[in-house]
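Presented below are the structures under discussion, each in the form of structure tokens.
The following pair of complexes shares a single chain, subunit A, combined with subunit B in the former and subunit C in the latter.
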Partner chain A sequence: MTDLVTDFFRVAVAVSVPYILGGQAMTISGRSGIFLVFNEGVMLASASATFLATFLSGGNIIIGLLAGAAMGGFFGLVMGYFSITLKQNQFVVGLALLVAAVGIANFMYSVFIGVVIKPPQIPTLLPVHIPLLSDIPYLGPVLFSQNLMFYFAVILSILVWAFLYRTRYGLNFRSVGENPRVADSLGINVSLTRYAGAVAGGIVMGIAGGYLPLYFTGTYTPSLVNGRGWIVIALTLFGRWNPIPVMLGALLFAAAEVFGIYGQILNLPVPSQFLLMIPFIVTLAILVQTYRKTELPEGLAKNYDRESAED
Partner chain B sequence: MPAEELVRMTGIAKRFGDVLALDHVDFGITGGKVHALLGENGAGKTTLMNVLYGLYRADEGRVEIKGKEMAIRTPRDALRHRIAMVHQHFRLVSNFTSFENILLGTGRGLKFEARAQREKVESIAREYGLSVDLDAKVKALPVGAQQRVEILKVLARDPLVLILDEPTSSLTPQEADVLLGAIKKLAMNGLGVVFITHKVREVMSIADEITVLNGGRVAGRLQVSESGEKRLVELMMGGRGAPPLLQAGPTPARTSAAQGEPALVLTSVSVGSGKGASAVEEVDLAVRHGEILGVAGVSGNGQRELAEAIMCVRRAGSGSIKLDGIELTRLNTKQVISMGVGYIPEDRMGDGILPSMTIAENIVLGREHSPSFSDRFALNRKAMGAAALRGVEDYNIKTTSVEAHAGVLSGGNVQKILIARAFLTQCKFLVAHNPTRGLDIAATDHVLRSLVKQKEGGAGVLLISEDLDELMAVSDRICVLFKGQVMGVVEAGSYDKYEIGAMMAGKKKEASAS
Partner chain C sequence: MNKDKKGDKLAAQVATYLIGVAAALAAAGVMLGLLGKNVAEGYSLLLTASFGSATNLSLFTIKFVPLLLMSLAFAIPLTLKKYNVGNEGQFLLGAVGAVTVAFMLSSLPALAAIPLLLIASAAFGAFWALFPALMLYKFRVNEIVSTILMNFISFYLVLYVATGPWRDPFAGHPETQAIPSAFDLPVLLTNPAINLGLVIAVLAPLASYYYIFRSVQGFELRASGANERAALVFGVNSNLLAPMSLVIGGAIAGLAGGMEVAGLQLRLVDGMQSNYAALSIIIALIAYGNPLGVIVSAIFITVIELGGSAMNAVMGVPVELVYVIEALLLLFILMANVFERRRR
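The block that comes next holds the complex of A and B.
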């Protein structure tokens, strides 16, 4: 039984990686005022790019992740161009890009791989046991015997927090997301900051997408993202656009998801469809609970035009 | 050392759509001098300064700094030339602390608990008497303190040219005096200061030179030394109308016959401030129909909470608030308004205006359900337009159309919308919080006259203001709030500025010997 529990948590932690990364992507761009809604599509495009690059490079995971990051960064840049330079509604642009990204993901796969009977496989991420720490009972296998991407996600979360809340750059960066008019009148470059936020957010979202084939399947399927892009939005709201709570929220959502899968394996007397709904039900419950209290960055998703009227 | 000309603006023109906001204006700023920029609401004062600060791009004209032509395209450029500006509407990040706001955009570095910067800010605050809680979130600060944060923010940047766009409009007389003193000192240190205001007294006390704008054109330029107060008032009124009420002195004592039925009765009302301690404590007040009760006090002593409790924007913690015998504490704001209560809130950009709606919609806001503006299902746009037009004319709101977005109006014209809204109909009761803040002299006078008219029409009026002259000019009684408590009530006819001032500082009124 203890094995089963340890196992559950170990899997939950590994499953949390795309949530943590996606949540940080949302947080970074959101703190500069850009609301990413294209995740569901962009994660898929990046998953496709990562898979293909890894496959074509003969199994080089690093090259694969870089390709996924580049794909995400590209979408971040396009998002920035339409919302910052052309001042189009962020939700409209985001949804359009989502659809486009899904198309690109499937298109790339069909160009490079085509229709095959047995889908090609790439190597998946292996656990890395951290010396000493991984020997701690319970905690060791759960937290310190994970693949490198988990450590990367945790370190990134801490770095994002330190940047946003412990540096002058971060203060300026956040002011753009709170109130671009104030930031502008103090000589802070609003457009540049928001582009940086959008592109950085896109890159991290791309890495989150790249993790999916590298951990879950070893191959590309069109349903690889499976709602994670939306859950990432929910958990960022839950974490109040603050990197540390967002990371913890990601772990919680991952646990809910894995619980659903375990329930099926253990043949719990509950319909499997219901078990698979668990993460979404948790999402909903948490949203209802926290939504009223959530403090969004005040300038979130509001485009800024210097000469337009005061608002 | 002869005073050096720091800035010269020549032939500045700026157009917003069809509106020619600036019509080839010339303007100069000299080191060591305070240059007052005057003009009625919508004259173009803010626009001119926004051009200098790089917020607006001028369509025509040139800017020279110390004799060299410079292109100022962004506030960053302006700051590089050590031009700093305090804006008419607060430019603060409300979720940040005061200190974080002051730090914004200055310097780099990893840790932003910058010790040196903090000491510098503290010493500036001490030197100019601008004390603020550096670690409080801005949204928790009263308006006066927010204004001080704004000023500290620009002073911390060591400006050479300082633009102050109506910096005193949200300060108490005492706070304003402190600021005026600070400005004098800054000018003595060689800064060139541009000072925008609508208050004659302030111009007389600190300005060296004056430029008056009217409809985007320079209407006059003079030295303070060569102009008297009367001439100044005339210039600022734009040569219109009777001498203002404000200049007529305090209201005379009332005859006892003028006392009407009680309208609003507060019995031991306490209101929380959201920070534990209550902002209003055990207040008893009664306002009669046909009476203006002035509420004096330094801002942040519970005025806002009091007004919001009456309007049910905020819940009173305990006590009873009755209007014509009906308990208000369990109603919501909409119900209170539909009982015929007018409200002019303190924070007009935040609470009072929907910038992306039209002027007409904003003027009838809250009254759109009244039969005169809508039938059962649809809004009557024509009636709304007509009412709005009346407001626009009465208050001389500068706009091309009542269908324009409210957000494009000049600062003072935004205020006028709220006031037009409150005075749209004869109220049963009116709560007015700093209703003349930011208004030009003519509009201020119109507001004060409208208050008196509401009172003569039978309304009870609660006038909360930090401007003692204004309170004394129209109130029948003045009650003084300090730390949420009533220090005493003074009757018209026995107003004494110093007595009221002492009460505002926390001295209870001596019980009269009888």
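The block that comes next holds the complex of A and C.
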């Protein structure tokens, strides 16, 4: 039984990586005032890019992840152009880019691979056992025998926190997200800051998408993202756009996902379809709880126009 | 003078659409060229696959009916700046409602069966929108996230029903047996094949237009969409209208799902929602939520969709190409609109 419990948490930690990265992407861009709703599509486009680049480079995972990051950054840039430069509604643009990204994801796969009997495989991420630490009972296998991307996600979360709360640029960043008018009057370049937020958020979201084929399947399928792009939005609301609570919250959402899978293995007397609903039901419940007292960056999803009288 | 101004505005609006369409088609040409395909052949297939024969026209109707209703389900809450991205799940619940009524009341005569099926599917769709609506009303939970999460729950619900007692054990895919024929939508024409669904689908946006632009409640809807605070001051209950618009949208999406069962699939099929939801968002946003505009943009997107299938069948172009083009179309129209406004 303890083996099963340790195993459950070990898998949940690995599954939490796209949630942690996606949540940080939402946090970075959201703190500058850009609300990313395109995640479900962009994660898929990046998953496709990562898969193809890894496959075509003969199994080079680093090249794959860079391709995924570039794809995400590109979408972040387009998101920035439409919302910051053209001042279009962020939800409308986000939804349009979501559809475009899903199309691009499947299109790229069709062009490079097409319909084949046996889908090509790429190597998946292997666990790295950290000397000494991984020998700690229970904690060792759960936290210190993970693949490198988990450590990357944790370090990135801490860096995002340090940037936002311990640097001057971070302060500027947050002030642009809270009140762009005041930030502008203090001489902070609102547009540039928001572009930086959108592109950085896109890049991190792209890495989150790239993790999916590298950890889960070793291949590309159109259903690879399976709602994670939306769940990270709920997660970020839950973590109140703070990097550390977002990182910890990711574990909760990942545990809900893994619980659905383990319920099937344990032969619980519940139809498997209902077990697979669990992460989404849990997310809805958390949303209700969160919205009762959530604090959003004041300027989030509101485009800033210097010449406009209204805020 | 005033009328002239209105005419100018309309002309400018049409111009932005034409520029958007031209830019999207140009992008399609570039992509075809990069794939090394015959661009002219691609264009001709893209734009003509829906016409020219009764069969093509039947194929057009099959895709047009659900797309039109799904777009409307997105468009009505859009009047209040609410994004009903949950129309996919509401569609599926409508389909579940349709097969539930058909299998539980299988001995009903057609005269009672069809109205009951349509009402049940609309009610199931509305029910699915009710949760996000209540969450919005009570806790101001963002409807984009909540309705999407309901979609994922509905996927597994369909899988559960399609593999339950009503399943078709001989199908290689999760789906139910065929519903009793009394529940099939009446066929009005056989060649091209047209059933009651098309009539309902075309009446729905007309009724919605009347509701939004000619009724008192529609006026309140538009008023609180334009300026929620001002509408509140004048006694419009915006807090209630927004959740209500989601439920109306849910009913329409549910109706689309029910008609997909009763008019086309004749059973509940896992994955029957196809890519209707994503396309409906594009269609409704292109029309800025105007129900009459939705008819026009739904026709255009349906034409492009069938064109994409034809390009795939004849020239081996990946079907995903049109998917990218459709999203680009919306982005180009948004851009053209910005530049048109800046010019004035």
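Everything below uses one rule, namely that the second predicted complex is superposed on the first by the 310 of 311 C-alpha atoms of A that agree within 3 Å, B and C clash if a C-alpha of one lies under 4 Å from a C-alpha of the other, contacts with A are read in each partner's own complex, and residues count from 1 in each chain.
Please note the rule applied: contacts are C-beta pairs under 8 Å (C-beta built on N, C-alpha and C of every residue); 3 or more make two chains touch, one makes a residue touch a chain.
Quantities reported herein were computed from a predicted structural model and do not represent experimental measurements.
Look at A:306: by the touch rule set out above, it reaches subunit B but stays clear of subunit C. In the overlay built on the shared chain, the residue A:88 is in contact with subunit C alone; subunit B does not reach it.
Of the two partner chains, neither subunit B nor subunit C is touched by A:7. Comparing subunit B with subunit C, the partner in contact with more residues of subunit A is C. Looking at the shared chain after the overlay, A:185 reaches subunit B, while subunit C stays out of its contact range. Looking at the shared chain after the overlay, A:107 reaches subunit C, while subunit B stays out of its contact range.
Contacts of A:171 after superposition: subunit B is touched, whereas subunit C is not reached.
Put simply, subunit A touches subunit B in their complex at residues 166-172, 174-175, 178-179, 181-189, 295, 297-298, 306-311.
The residues of subunit B lying in touch with subunit A in their complex are 53, 55-57, 74-76, 78-80, 85, 87, 89, 91-96, 100-101, 103-112, 114, 153, 349, 355-356, 405, 407-409.
By the touch criterion given at the top, residues 35, 83, 85, 131, 135, 139-142, 144-146, 148-150, 152-153, 156-157, 159-160, 163, 278, 281-282, 285, 318-321, 323-324, 326-328, 330-331, 334-335, 338 of subunit C touch subunit A in their complex.
Residues of subunit A touching subunit C in their complex: 37, 40, 82, 86-88, 91-93, 95-100, 102-104, 106-107, 110-111, 226-227, 230-231, 233-234, 237, 271, 273-274, 276-277, 280-281, 283-284, 287-288, 291-292.
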